[in-house]
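Pasting in a structure now, in structure tokens, and then I'll have a few things to ask.
The first chain written gets the first letter, and so on, giving A, B and C; residue counts start at 1 in each chain.
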Amino acid sequence: MINSDNSQLHSLPLSMREVTIAYHRKPVLWEVNLDIPTGKLVGLVGPNGAGKSTMLKAIMGLIPLLSGTVRIFGKPYAEVRDRVAYVPQRESVDWDFPASVLDVVLMGFYGRIGWFGRITRQHQQQAMEALDRVGMAEFAQRQISQLSGGQQQRTFLARALIQPADLFLLDEPFAAVDASTEQALVHIMRSLQQAGKTIIVVHHDLHTVPDYFDYLVLLNMRVVAAGPMETTFHRENLQKTYGGKLTILEQVSEAIRNREAP
Amino acid sequence: MNESLPPFQFYWELDGWIILAGILCAASASLLGSFLVLRRMSMLGDAISHAVLPGLAAAFLLTGSRQSSLMFIGAIVVGVLTSWLTQWTKQIGKVDEGAAIGVVFTGLFALGLVMIVRSADTVDLDPGCVLYGSIELTPLDRYRIGSWEIPRAVLTMAFVLVVNVVFVVTCYRQLKITSFDPALADSLGISSKVMHYLLAALVAMTAVASFESVGNILVVAMLIVPPAAAALLTERLSRMLVVSVVLGIVATIAGHFGAITVPRLWGYSSVSTAGGMTIAAGALLILTILFAPKTGLLSSVGKKWLWGVRVTGEDILALLYRQEERGEAGATAESLSKQLLLPRRNLWFYRWLLGIRNYVRVEKSDWKLTEKGRMAAQDLVRSHRLWENYFASEVGLTNEQLHPPAERLEHFTGSQIRKQLFEHGPSQEVDPHGKPIPPERDKSS
Amino acid sequence: MSWNELLLQVIRVITLQDYNTRMVMLGTGLLGAASGVIGVFLLLRKRALLGDAISHATLPGVCIAFLIGVASGGSGKSMPLLLSGAATTGLLGGLAILGLRQFRRIKEDAALGIVLSIFFGLGILLLTLIQQIPEGHAAGLEGFIYGKTASMVAEDAVLIASVTGCVLLVALLLYRPMQLLCFDEGYAASQGWPVFWLDGLLMSLVVAITIVGLQAVGLIMIIALLVVPAAASRFWTHQLPKMLPLSAALATFSCLVGATISALAPRVPSGAAIVLIAVATFLVSLFFGNVRGIYWSWRRHWRLRQSYDREHLLRDMYELVELEREQDKAGKLGPTDVSISIEVIEKHRQWSHGHMMRALYRLQLQGLMLFHDEGRARFTASGFKEAARLTYDHRLWELYLMKYADVDPLRVDRSADDTEHALDPEIMESLKVMLDKEWNGKVPPSPHPLESVPSEGGKR
């Protein structure tokens, strides 16, 4: 590979080459090729079981790849872990766990302070700032089992915000949250984007896709289409992604019509 | 060690009854166990089989006898109680299910232990016996029916098996739907709770009936292991029930024979049959994990390997055929290795394989086709060239693109497909590269 | 035994005068502390019953180690050999559980049951083999299953103390990774924590506790010590840093009290006594734990229902008294003069007679109402005042609902009932400012005809 190519690869927050993943001998991702440019707010969209969450996990090396490579800022994930912040699905944890909101946010430091490091006052300060940013400062001491779905999601986002990351991976942050949380999350994502960060968001509500994101990846086992929202979000691509699921397509075509006729 | 071990003998009078008792126990346990495993209640089965101890102790203390009917009642009460206490702790106290089970069954077991030890003078109940059982003693305690003398344990277990079969047969649909989707079942008016407690009661009854003869741990093993293996083997509930019962019976027979024969190899006399049955069940599970047709670890590896061997063998035959076509004599191992990208050491295996199947003979390090090998190779080459014709005319591939797909497909092509290819393709006797297509062999000859 | 002797013995046990008692107390107490701490992590990792499977899985190891010891010419009862055998198969059992989990069709509970029963079956098989060896007398080995707390010697206590110390040290040093692992496995992995090895480490700690605990308190008991105190501690706190010492304390307490009871009462096995005390502490926690105890939530619920009943009864009375006084053209009836048949209220609220009488009795105790034997009740002066206040609030709320929330007047009473109990004084105050221009503190007339009320459906 020639040098200029290399330098361009370095600047790419995410680059996947021929990535294939199978669970129990059934392919989940199939020869995925994807390059995400810097500073985009990316919607990762596809039908249920299209491999969206799997793709995020593959990016972080949580699932063994059958073949292919994933590069983050030109390097394997293990080398640039600090530059990636991950927000798991809200349902992936038991919210009955004995911890306060602040405890959960402080968990974001564990990776950096290592096995025997200490949580300092400064860490707590930073955690409080992150909580303030997501509008949860007053709930810092609250037991997490008493949070609403939206508050849980905000807590998770705050935990990601304390990491000095350049790439954010969010798994279904909008699933079953209240409208005000949804707006707050979008607002924070936009401000992250303005600070030059790249954000990849797994999302399933096609209506809001064109409003929230400026870059779109359509996934259904393979990458059906990827590119800027204006050139990628159209009926043909969606039909390819969602196949025969006409009910969804009807809703979407309405969304497109609304968008095209302002 | 026993130096003067009597010669091995199988006594129908003894071993027959032991095996029968074991089979009855295995069948009744695996039948219920399938539902426990499906409902993710396996550990509740373990808990119930431990927790029946205080029920038994209470029944003894109340009556001072080991009457079966009272023991059953005590066991059923405690079984339902265990299940209910677990549910209650889980729901009311919001305790994790595993922890709830742990609290309830250890508490009840300890209670039973204290009851037994405190009244050791009046009660003849050895907690060790509950854990290990002594199936070997079943034939000794007999009950007379007419002119028949039948061991008591066999009678009890037969009764339990009948009850379990009747329950599963009559409540099959209710059990199925409550195991699959409790919410749906409730909305259809089938109470998942009732089924849950009925199952718990029967598990307790099975446990208490078998505890004397085969012991607690064997019941747990038979409740969980055969159904878990059956779940790997079948996709349907009805088949799973049958398969798990069959596996349980096989484990019993193999376990008993193993227990009375294998230790003799080292000069010991027989060991615990219950232990043997458990090990046999475990061995069956391991075999299933390795060789189950769809999910087995080795079966997929094995299939892939066999397929690879077949493809390579056929490639060798086709290569030799083409060389004959060009008028070259045989091929050396070296040239084969080079052309097929096959390591030299692997060729020994194929030389042996193709040799014993009489496809290839090797004369002075030259590999040559036999008559049989030539016929097989002829089919392959014909398939290959027909496919090339087909791709060239129907798909429109260029000459350079033709080889790879044809190479892959030739291994899958039988005479039927060749006939279709011949009829649909361009009717010519040469392939796109100008090589002649060998004629179809006359199968009747 | 006379009372005097018993008292003396109690004092001797409690003051640890016996060497033997000291050892037992020290050993079991430390064991309790360690298993309490590890139990919390197991519970939060949702693997509470892992201890069950692993402790059963140690039996074949003990037997194999014994056989190896005999085969190599020893007596086979060397403690390090037996313990390492137990540790080996215990770990193997744990790994087998992790391995079985890889199969989609074998769920975690089945994996536990499979490992537990097969390993234990193997152990039993080997035990019957050992019984045939002349030097075998498996009696010593059986101690591994039932425990031999009473005969604990200094050597055992030292072993327990050192293992416990190591376990506690590891648990404290790795507190944070363990917390992360238990809460959010996926995130822990994304942060580069070796999740598999942390799980393995947790399992090793369980194995360590199990093998020293087995011979001290027995198999069932060590399972209980790993599960019960941890589950009990959850009822007292929402914070992991507090849960860990609490669980350790509860476990130690159970061990000490259990061992004391067993030392005093003849023929109570110490293991069983310890489990029963642990279960008793669990029950106390379940009911009275200050964070999650069900007694408190029951009481809260009960109090809330009482206050609803009180409000409903006072308001219904008020409305009925109001009607009576309107019909009294002469205007001579004072608010405390009218007596109302309680059957009317019973029907309106669809209460049972007992429910009605209990509510009425409580109001009478508070001095708000008087009940006559003919099934009629009337207000006291303070009762009428309180009822008027409640009715005022209620009607303001009804007016608000009708004005701003588009509710059909005939449905208004019910929807007001459902929401107003959640109202705090602040909202009431703003309602007053918004609506109470005409009424000026007096109770406004009901916005819907009162006659329609008794026919209203719905359950209370």
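Observations
The rule we apply is simple: contacts are C-beta pairs under 8 Å (C-beta built on N, C-alpha and C of every residue); 3 or more make two chains touch, one makes a residue touch a chain.
These numbers come from a predicted model, not from an experiment.
Comparing the CA-atom centres of all chains against that of subunit A, the greatest distance is found for B.
Set side by side, A-C and B-C show the greater C-beta contact count at B-C.
We define each chain's centre as the mean of its Cα atoms; on that basis subunit B and subunit C are separated by 40 Å. With each centre defined as the average position of its C-alpha atoms, the distance from subunit A to subunit C rounds to 37 Å. Looking at subunit B, one finds that residues 94 touch two or more other chains.
Touching two or more other chains at once are residues 46, 234 of subunit C.
Shared interface positions of subunit A, i.e. residues touching 2 or more other chains, are not present.
The touching residues of subunit B, counted against subunit C in their complex, run 1-2, 37, 40-43, 45-46, 50, 89, 92-96, 98-103, 106-107, 109-111, 113-114, 117-118, 120, 127-128, 131-132, 215, 217-218, 220-221, 223-225, 227-228, 231-232, 259, 263, 268-269, 271-272, 274-279, 281-282, 285, 289, 295. Per the touch definition, subunit C reaches subunit B in the complex via residues 43, 46-49, 51-52, 56, 103, 105-110, 112-114, 116-118, 120-129, 132-134, 142, 145-146, 220-221, 223-224, 226-228, 230-231, 234-235, 267-269, 271-273, 275-276, 279, 282, 286, 292, 294. Interface of subunit C with subunit A (complex): residues 44, 46, 104, 173-174, 176-177, 179-180, 182-184, 186-187, 189-193, 234, 237-240, 243.
Across the interface of their complex, subunit C is touched by residues 24, 57, 60, 62, 78, 81, 84, 86, 88, 92-94, 97-100, 103-104, 107, 110-111, 115-116, 143, 145 of subunit A.
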